[in-house]
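Chain lettering (A, B, C and D) follows the sequence in which the chains are written, and residue indices restart at 1 in each chain.
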Amino acid sequence: MEISRRDFFKLSGAATAGGFLIYQTLDAQKAAAEASLDLHKPIGEGYTICPYDGSGCGFLVAAEDGRVVNIEGDPDHPVNRGAACAKGASMRQLSADNERRLNKPRYRRAGGADWEDLEWDEALDMIAERIKSTRDANWIENEGESISRRTEAIGCLGGAALDNEECYLLSKMMRGLGLVYLEHQARI
Amino acid sequence: MAKAIMYDATKCTACRGCQAACKQWNELEAEETKNTGSYENPADLSYRTWLKMRFTEVENGNGLAWLFTRRACMHCTDAGCVQVCPTKAVNKTDSGIVYIDREKCTGCGYCVEACPFDVPRLDGSRVTGKAKMFKCILCKDRVDNGHEPACVKTCPPGALDFGEREDMVAKSEARVAELGDDALLYGDKELDGLHVLYVVNHPLKDHKLPVNPEVSPAVTLWQDILKPVGYGVVGIVAGGLLLNYMVARARMVKAKEGK
Amino acid sequence: MTHHEVEKYSAGARWFHWTITAAALVLAITGLFLYVPAFSSVAEGGATRIVHRIAAVIFILAPLLFFLMKPGRSFHFIKEIFSWGKDDLAWLKAAPDYYFGGDEKKMPPQPDMNTGQKLWAVVAFFSALGFIFTGIFMWFLKDTLSAGVFDWMVIIHDLCFIVGGAMLLVHLYLGAIHPRMTESLKSMVKGKVSAEYAQSHHGKWYKEVAAREAAAKGTPGGQGKQQAH
Amino acid sequence: MTNHWTDVANSDYIMVIAGNPAENHPAAYGHITDAIERGAKLIVVDPRFTRSASKAHLYCPIRSGTDVAFIGGLIKYVIDDMEANPGNYNMTYVTEYTNAAFLVHPDYKGPPDLDGLFAGYDEANRTYGKSKWTYLDAGSTEGNIIPVLYPLAEGGKGVAKKDKTLKDPNCVFQILKRQYARYTPEMVNKISGAPVEKFLEVAQTFAKSGAVGKAGNILYAMGATHHTNGAQIIRSYGILQLLLGNVGVSGGGIQAMRGESNVQGSTDQALLSHIIPGYLNVPVHTDATLQKYIDRVTPKTGDPLSLNWWKNTPKYITSLLKAWYGGAATASNDFAFHYMPKPKSGKNHTHIALFEAMEKGDEDKKEKVKGLMCWGQNPAVGSPNANQTLRALETLDWLVCVDMWETETSVFWKRPGVDPTTIDTEVFQLPALGSYEKEGTVSNSGRWVQWRYKCADGPGDARADLEMLNDLMLKVKKLYDDDAAAPNRDGILSLTWDYAAEGEHVDPRKVLKEVNGYYVTGEKAGQLVNGFANLADNGSTSCGNWVYCGCYVDEASLDAFENANKAAMFPPDNMGNRTARRWTADVGNAGFGSKPEDGYKPIGLYNYYAWCWPANRRIVYNRASVDLNGQPWDTEHPVITWFGDAAGAWKGDVSDGGGKAMVHGGHAPFIMRSEGVGCLFAPNLGTREASLADGPLPEHYEPWESPLDANPLSATKNDPVIKIWRPEEQSTPDEYPIVASTYRVVEHWQAGQMTRNSSWLVEQMPEMFIEMSEELAAEKEIKNGDKVVVWNTRGEITAVALVTKRFKPFQMNGTTVHQIGMPWHWGYSGLSTGDSANVLTPSVGDPNTTIPEYKAFLCNIRRA
């Protein structure tokens, strides 16, 4: 036997050292820091006001090719200072990407079991005709001796979800047509 | 250098803007959930829920309290997940973020079990084992570009703040002092310092925060002892075999020559 | 030198061996990717984890199948590997000299499994049990296990890997590389070894085989099943 | 809101009552946090321990519908304390800025005298004759009592007699004291269930805001208004705040926290049956001429100290008519006043009335509503008595639903359990653009009118409502153009409508400019009017809505500060559009800096961020924030300060009404009242200032559906003049002993069509639920998470039980009353569906507003 006990220990020592060397090479913690990341999407520059409650919080919208990719609070807005609640932070899901959004005028005929698609022109023509016929057939020219000029057969609801310009035109149009049942969310 | 989030539970109203903002920024899909008799939902963290608020009703001599607790990665200094990750996919940045490089992640899930806060989650199939780990990465891309994490930015009552860790610690300490006796700062010392600091004024157990979180000794044993020993043992054996081969071969040649 | 060959391993045993070997190698290599970060790039994408699972299924099913098909031989094998005697001690004493120097004289004659092989078989048996037990837990019960228990499962799995892996290296080396174990690999491939090799490496067994062969020549059908001693 | 969101941070005491800003106005809630950081105390009063309550220093529960009792108790506490410790209160404010010193008609009698009624009750018609609810005219002599009631009787001066010592038994202060003497802490507990010690803690805390220089704020929302006495509840807040000197000051006031992004704006634009844009009364059939209308509605006064801003009504109505009828409105034809519809005087055309008329015909002529348009509103979920609403919709000839989503209303004909073939309503569903897919303005709770931009494209063929409206009206006009025999055809053809050709894009700026107003004659013809002070009643100006006048001006009309920062302040295509300003520096009016000598401390007015009606005034009634010398009560938070006689002598916010400080001959602070002061007692003055339908002072009455057998306060159980449409549907406590209330959660919004289609929100709040106390759950053997059925005379709903410590049974002097609560966001359409809480709510309304009673009704509950 030519390998002495000493040699054996030497060899074992060398092998152990080798093992740890391998460990150092293969398993040691990486010293280098993780590389800096780019923003995975833009934060947003378009400015909007939240469509939810009456706080009037400012938001920034980022869109690519007309498609919303990010919405978050505008840090410079005095009311929300960049903040957004659960609804505000989810505002992106109101965008055209939400497949539940309506994208076509639709009509349901009397007694019909389902929707039918319409073109805009057709739809608005039909509505205009109905407004006119219902209004004219239910016109109240006088209340007793007094001039009254109204119709009580058409109601108009809504506005709190619209812009001021839309509300104003709605007010003007409906009063102009003689409606008196003009109401919206503020009442309920 | 190190950054930290400060979460002040005494200001939080659980509006859950953070929960939604996290999903929005990180493109995480919604879960299908049920109302089980609580405002709290989703029921747990998941690969697509990296942050959730916990709701707890506590009633004691001081009356009723409705406690809200942020639940997301704590970005520990002594992070079990980082220690245990076999592929070093989970790693720690200089700013204290415990980051997951999903390219490198093999989905072994060791991190899931090594986390004292039960945070990392796997997607994918249990059967095939093909999965990736997901958790809060403190919006690393935002932080790298000088923005606050999405949750911090969105927080309406200012319950979340973000900045240099030492500033956040100082601010938290000041807040605790202001709040008085029951208040305490959680995360300053835990696990060598968390990078999410909690200011609470109810006992930790009411917030369901672990009182002395620690990385399991098994993780340390595995990482610091077993693995090096493994390399050693295999090294010794391999070395021995090599030696044996050389010696035995030499002898055989000699023997042949001898014949 | 005679060219007489004796059958060392039956076809079934060989199939079993190679199947298990293939599975074990695949398991070891795919496992290694998780163990050694430097190799982790291979594991990215998780494909190796699927391979690991497929191999694990084979690794579990192959012995089960073998056991069902050949329960007698299986029991015999298990009994054999756990039967240790004076000869084994002598073998262990003599082995270093033999494997380094090649001195056969001190080696006691061995049955069809020598002490070294038995040692390997015992280690393989227990590490396989360890692998399978902890592996199943890690695979299917990850969500139900408490984190602490899981951590220990990982540790046992890895411990098995270290011990079993080290022994596997030895086995591979002795089976395929060691200059003297010339016919070991062949025996597992073709099933037969030369009488010479058998005599030198498995003296005891060869005696029995030779006796059997002689008896068989005289009395056909007398392949009595013999228990090892 | 009298003030605005950022100003809440300046409060010292904040009482959130009947609101839940942490959940329903969360982003703005941050200013409450800021106030607390500054040391403010937050008080939350609510039947339920809400997320807002979780952050309060002091939480006090009250049974739903008992706000007047609770606030009445506070008023009593303050009056008593005020007499004992006048030094703790701003007595100058009380005597000079409120009508505390005004003498009331000696024949006035109130609930303490008439067992819960006010003078003049007509039981047969369930109305009040209000002739005694007024002041005693200064021209009265012994033996000749003259009320301040227009038209004034001979010898009347149009000014009330006053006693500034507040000792005269007929002065408002003494009447107030008598009115609320009955509202002792024990009575408050007996009615509301508020524990006596909690109530007293609230009283002691909030009363501290009465000190000079301290500001107390009341924040409320629909929890106050959604009651049969909703208007009186708000009045009670006003009385308390006036007594405490909190109205007009920074950090004070009364904040109606609006629940929709533009419900302020849609109200300003008068999408309500009783008003036309700018809060002008709707003309009625008795207004035969414009002058008659003006005479009926314009407040008058003989008080030289009063600016009586509404005296400008003729300018505003004339300018509105000019905006609507353009050249067809001339002095010779009453500015086309005859074209306007004039409903029958006194007839109700509000929401419930609409749906009742739809189903059964109206209360007058049995006329039925046959066509309905819904512009982003979903009445199938949002209306009270939802089953009645659905039945009513089935009777329509046609229905138009304009929305971003399919709504419960638009698909009512195929709702669960209904055979579509049996419903003959034609339905149009028009796809609308969302908020960031078009341009335009919205007005927040704080009256900030903010421009928003188009940031992305809408889906498919979706269009802006503005364009739909334009096209629709152009088509209607064409139809009338072709039909010479149509009624009031000229009215339709004369209506100015030149926004864009059919099918073309409508620029909302064009509409906003019309709202702002133009000069139509003279050398400035064609220019935009810079402020309503410039509007005229002779037809020389047009203005679609006088309160918005000044929001969009010509470049030449910009003020010096705007001019100096023009490029940065106005985007090129919005030059002069003040709603598009985003000047984030906190500067006061005319751009004063933050140095004290500039007259402005940064108190969060942000006068150059967006634009605020009226006249960019951020805090209304701000003249009440200064003493008679024009110096701020609170020097830390000066809203305005009088700097002597120099031009622009008022610095800080846009002062209410301009002019001089009172001691220098300036006017009284409350310019929108003809008395010039705040009304503790709301008199009937015979004009638009006609008091309320149910009394000049708030009195507690039980909700229409009350768990109690009697009103603990008087023999008058319910408000005697509330509007009840379906008396047969009253749920009574024998069968339905549990009080229920509806509300909202932060994760959903209103009728739910927006949020129930957003998966991230559905994830957070996936299902309809009902909250109840552990005690009630135990009594009914209900476990948390069980499905439960809640039912009453109007229907039943199923939902998940949420058993919580946050509801507690009310202990009211020995009586235990259970209350449950439920969100009303759900319906049968959308990503998340569930039963609508409004199936259970009754068709009753406040006598003033006919807002439905959503917050206090009776029901019963069982495990499903």
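Note that a residue touches a chain if its C-beta (ideal position, glycine included) is under 8 Å from a C-beta of that chain, and two chains touch if they have at least 3 such contacts.
Quick caveat: nothing in here was measured; it's all calculated off a predicted structure.
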Distance-maximising chain from chain C - centres being C-alpha averages: D
Closest chain to global C-alpha mean, per-chain Cα centroids: A
Computed distance of Cα centres, chain C from chain A, in Å: 64
Computed distance of Cα centres, chain D from chain C, in Å: 86
Inter-chain centre distance, chain B versus chain C - centres from mean C-alpha coordinates, in Å: 42
Chain centre separation in whole Å, for chain B relative to chain A (CA means): 31
Set of chain A residues in contact with two or more other chains: 2-3, 26-27, 71, 73, 80, 83-90
Per-residue overlap in chain D, given as positions that touch at least 2 other chains: 26-28, 30, 746-747, 759-761, 764
Shared-contact residues (touching 2 or more other chains) in chain B: 15-17, 19-20, 23-24, 88, 156, 227, 233-234, 237-238, 247
Chain B - residues contacting chain C, complex: 86-89, 103-110, 112-115, 118, 124, 126-132, 216, 218-219, 221-222, 226-227, 229-230, 233-234, 237-238, 241, 244-245, 247-249, 251-252, 255
Parts of chain B lying in touch with chain D, wherever the complex brings them together: 11, 13-17, 19-20, 23-24, 29-39, 41-42, 57, 59, 63-68, 156-158
Contact footprint of chain D on chain A as seen in their complex: 44, 46-59, 61, 63, 66-68, 71, 73, 76-81, 83-91, 93-96, 98, 100-115, 118, 120-121, 123-132, 134-136, 138-139, 141, 143-144, 146-173, 175-188
List of chain A residues in touch with chain B within their complex: 2-3, 11-12, 14-16, 18-20, 22-23, 26-27, 29-30, 33-34, 36-40, 43, 70-73, 75, 80, 82-90, 92
Chain C residues within the chain B interface of the complex: 33-35, 37, 40-41, 43-44, 46-50, 52-53, 99-102, 139-140, 142-143, 145, 147-148, 150-152, 154-155, 158-159, 161-163, 165-166, 169-170, 173, 177-180
